[in-house]
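Following are the structures in question.
After this come two complexes, each holding chain A, first together with chain B and then together with chain C.
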Partner chain A sequence: MSTVAYITARGLFGRRRVLLLLPLPLLLVGLALICRAYDVDPTQWGQAVVQGLGLAVVLPVISLIVGTGVLGSEVDDGTIVHILTKPLPRRDIILAKLLVAGGVSAVAAAVPLFIAGVLADGVKFGVALAVAAVAGAVAYSALFLLLSLVTRRPVLLGLVYILVWEGLLGRWVSGTRVLSIEQYVITIADRMAPTGMLDGKVSLPVALVMAAIFAIGGTLFAINRLGSFSVAGETS
Partner chain B sequence: MSDAGVIHDIGYQRYEGPRLGRAAVLGALYQHGLRATFGLGRSAKSKIFPWGVAGIVLLVAVINAAVRSQTGTWLFDYYAFDDSMSWLVIFFVAIVAPELVSRDLRSGVLPLYFSRPLRAADYVIAKVAALVTAVWLLLGVPQLIMFLGGAFTSKTGMRGVWHEVGLLLPGWAYSVLWAFVFASISLLIASLTGKRAFAAGGIVAVFLMTAPVVGVLSVLPSRTANDLAGLASPMSLISGVEAWLRGRNDLGIDVGDFGVIYGIEAFCLITAGLLLLLARYRKVASL
Partner chain C sequence: MSVVELQNVSRWYGNVVAVNDISMTLQPGVTGLLGPNGAGKTTVLHMMAGFLSPSRGTVTIDGSPTWRNPGIYRQLGLVAEKEAVHGFLTARQFVVACAKMQKLPDPAAAAQRALELVEMTSAQDRRIETFSKGMRQRTRVAAALVHEPQVLLLDEPFNGMDPRQRMHMMELLHSLGDRGHTILFSSHILEEVEQLSGLVQVIVAGRLAASGDYRRIRRLMTNRPHVFAVQSSDDRRLAVALIGEKSVSGVEIEAGGLTVRASDYGSFTRALPRIALGEGIRLRRLLPSDESLESVFSYLLEA
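On to the complex of A and B.
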């Protein structure tokens, strides 16, 4: 299991592709620094930077790239066969991949969010954002890992979820918020450190329970799918 | 059967007819690209995403036309329609641009293409033209539906229809601007990687991460920074060009006296995107 995790991490970091993960967090920190340097009131920029960029773009997009990359690229390249034919329980493969995906996205999203939170309000807000981002990263990673097993176009489906479900519908149709990880993250951060900047729209128990359901349910279903995985050719 | 000295002539017929040149290759590549954007000639699976987006956009246009014919007021006019569809346009180019260029990189057909009488510039022109046409169709056809809705319910006869044409044509021109900006940026990003998944993620990330920059710049305590804020994001850049050309500052973006800079940046952005694409295809890797 540790070997699978090691190979996955090397696959993620070993190539130039990892540089894709840098610009988004840097932009987040940079914007927060600019606002701080010009002494703009945090109530004016906090929402745009922390929620609009941090929680709506950085966290889901990084989780999407990493979460679909750990397994999806192996499915694409066909190298998944080498792992599947080893005498390893499928559960261990999924857990190792999920550990790497969740860990990398959590670090890549939580660190810049923590810095932005500290600049916006204080250490308490920063910690709240970081904790919420870690919870969100785990839930997103489980979801996107599952997507890379149930469909051959995981990134596009993931983008539908981020752009259409959370982005477009989440704004106007209140019912979709119950199934939106972004809203859980906002609620968790808002309840831990109440500021005027975030506006949690679901209740805290709903957020915690649903985030856990996404994380655990996604993992279990992914293990189930990998148990009867069929290797097919390139999509048309 | 065969004379001594002849190795083997197994009777294949030589082609001696006319050979089509660059223009035909370009045309074929354009047509193939345009069909590929909407998944025509491919399996049903590759039609789901482009037609899903097109369906939503069409639905919005139909609702808009219906509301207007019933109540007489727009939900969106022709310009605001493009602006409000921006997320779907982002999603559309994220689906289609990797389909156009990343696939060729991954399957390694570029050396084959360029061993024909086809130049790198032709390849880029064909792909950009295909994507521009596709995005323009995505926005222009719904605008046409809105026009038809308006024209058939016109109360003032031909004059009303003519007035409506005068609204539609600038709306179409605005869609062309959208198409060029989005096509040049997204094709450039997609041409950097052979993996469609990464290309799609990259395109969405680039477009989405620019929007909050505008939000931040527009609250900075400087009037100039506020007026120039829209330059930071392609979506607000296009709105800024609209505000400049129509001389209006009530369209959700205030360009102040800097309207002309928006025009210049839009032009430079498109040109730079195309030139960088050309530079990208100076050299292609063979497998």
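On to the complex of A and C.
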């Protein structure tokens, strides 16, 4: 499992794609710093920056880039065959990929969210945002890893989930929020450190249970799909 | 010693039948998998390697199914046609990683042995992305051999190799076959198959058209006259004598000797020395001229 994780991490950080992880966290921290530097009241910028940018964009987009990168790229270029032709339980391969995806996404999203939270309200809010971001990163990673195995266009489908399902439908159609990881993250952070800046629309039990279902269900489904992985039949 | 077995295997994609009711058994030794483009060779290899499920039938190695059975890779090595390798790793890192994933007791030593086998030790510390096509191919072969699998499947293994590397790879596969490994390689270059293996599995339009030693296959094609090039001390007199032989269906006299068409391989090869002896003619050369793999293959395609 450690070898798979090592190859996955080397592959992830060896690609230019990893540079995409930088701008969004920098933008989040930069905006928070500017607002703080100009002494703007956090009630005026907190929700827009922390929830509107941090939780609705930075966390899911980073998770999408990393989650689809750890497996989808190998599926696309065919290098996955070198890992699959080994006597490794498919569970170990998926868990190694998930470990890297979840870990990298969690760090890349939780650190800037922690900083933004501290600047907006204090350390408690920063910690709450970081913890919720870690939970969200795991759930998103499991979902996007699974998408890499069920579709040839995981990035496109992932964007549809983030922009259309969570961003658009989540705002207007209340029923869709039950299947929105963004909403779980907002609720978890809000219950850990209520500030009035976050607007959680699902209950805490729903958030916790559904986040676990996304993470565990996505992982189990991905393990099963990888077990039946077929190489496209390019006959020659 | 491992045996790969396909029993009544079919594979279809929607309405398209890629492989149609193929049964074959691969014994230890080197076997060539032949077929024109689109015949279904890669589909068969992928099913053997556990990367495709047969729509019908079974694919097994020593009785164990290859589909959804990762344990099979302890005894199976695959060199796929697609060249993709983790280019950010050096050849050594890549082969060591493969050895570790095989859970070998001494991955570094196993990797070193495999890299030596394919003559890649001098470049082992370079990143794979800097390699030529042939070097990448040899690195992939080293990765597939690192755990010394009993069964080795190779899809177009000589692609991109220069003649010397090709020769070396052929020797390597030969020696593995001689040591009891079961090796199947696909190729569209008949010369390669001819040099590497007498045993072939010929797939045409998704069906197994022929299986076995190609010279023997040729001899079984009784509906096609066998062509021999004959040189003797008196070609014209030999031609007259041969035309009276039942098994001879035609004789052409050419500048360099005779071209004899025989309807029955065995009867002709028995009759020729008797006729030559009776006529007092000395035979200088007798060569079956359409027993090459190319002739056998083209006959099978025309059939």
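Heads up, the rule we're going with is that the second predicted complex is superposed on the first by the 232 of 236 C-alpha atoms of A that agree within 3 Å, B and C clash if a C-alpha of one lies under 4 Å from a C-alpha of the other, contacts with A are read in each partner's own complex, and residues count from 1 in each chain.
We adopt the following convention: contacts are C-beta pairs under 8 Å (C-beta built on N, C-alpha and C of every residue); 3 or more make two chains touch, one makes a residue touch a chain.
From a predicted model like this one, the values you see are computed outputs, not experimental measurements.
After superposition onto chain A, the partners chain B and chain C occupy separate space and fit alongside each other.
More residues of chain A lie in touch with B than with the remaining chain of the pair chain B and chain C. By the touch criterion defined above, A:23 lies against chain B but remains apart from chain C after alignment on the C-alpha atoms of chain A. After overlaying the two complexes on the shared chain, residue contacts for A:155 are found with chain B alone; chain C is out of touch.
Contact with chain C, but none with chain B, is seen for A:3 once the two complexes are overlaid on the shared chain. Applying the stated contact rule after C-alpha superposition, one finds that A:196 touches neither chain B nor chain C.
The angle formed at chain A by the C-alpha centres of chain B and chain C is 80 degrees to the nearest 10.
Judged by the touch definition given at the top, the superposed model places A:227 against chain C, while chain B stays out of reach. When the two complexes are laid on top of each other via chain A, the two nearest Cα atoms from chain B and chain C are 12 angstrom apart. Across the two superposed structures, the residue set of chain A contacted by chain B and also by chain C is 235-236.
Residues 42-43, 45-46, 49, 87, 90-91, 94-95, 195-198, 200-202, 204-205, 208-209, 211-213, 215-216, 219-222 of chain B touch chain A in their complex. Note for the complex: chain A touches chain C at residues 3-4, 6-7, 10-11, 14, 77-79, 81-90, 227-231, 233-236.
Interface residues of chain C, counted against chain A in their complex, comprise 11, 13, 18, 37-43, 46, 49, 51-53, 68, 70-74, 76-78, 80-86, 88-89, 94, 97-98, 100-103, 143-144, 156, 186, 188. Chain A makes touch with chain B in their complex at residues 17, 20, 23-24, 27, 31, 34-35, 38-40, 44-45, 48-49, 52-53, 56-58, 61, 64-65, 68-69, 72-73, 76, 152-156, 159-160, 162-164, 167-168, 235-236.
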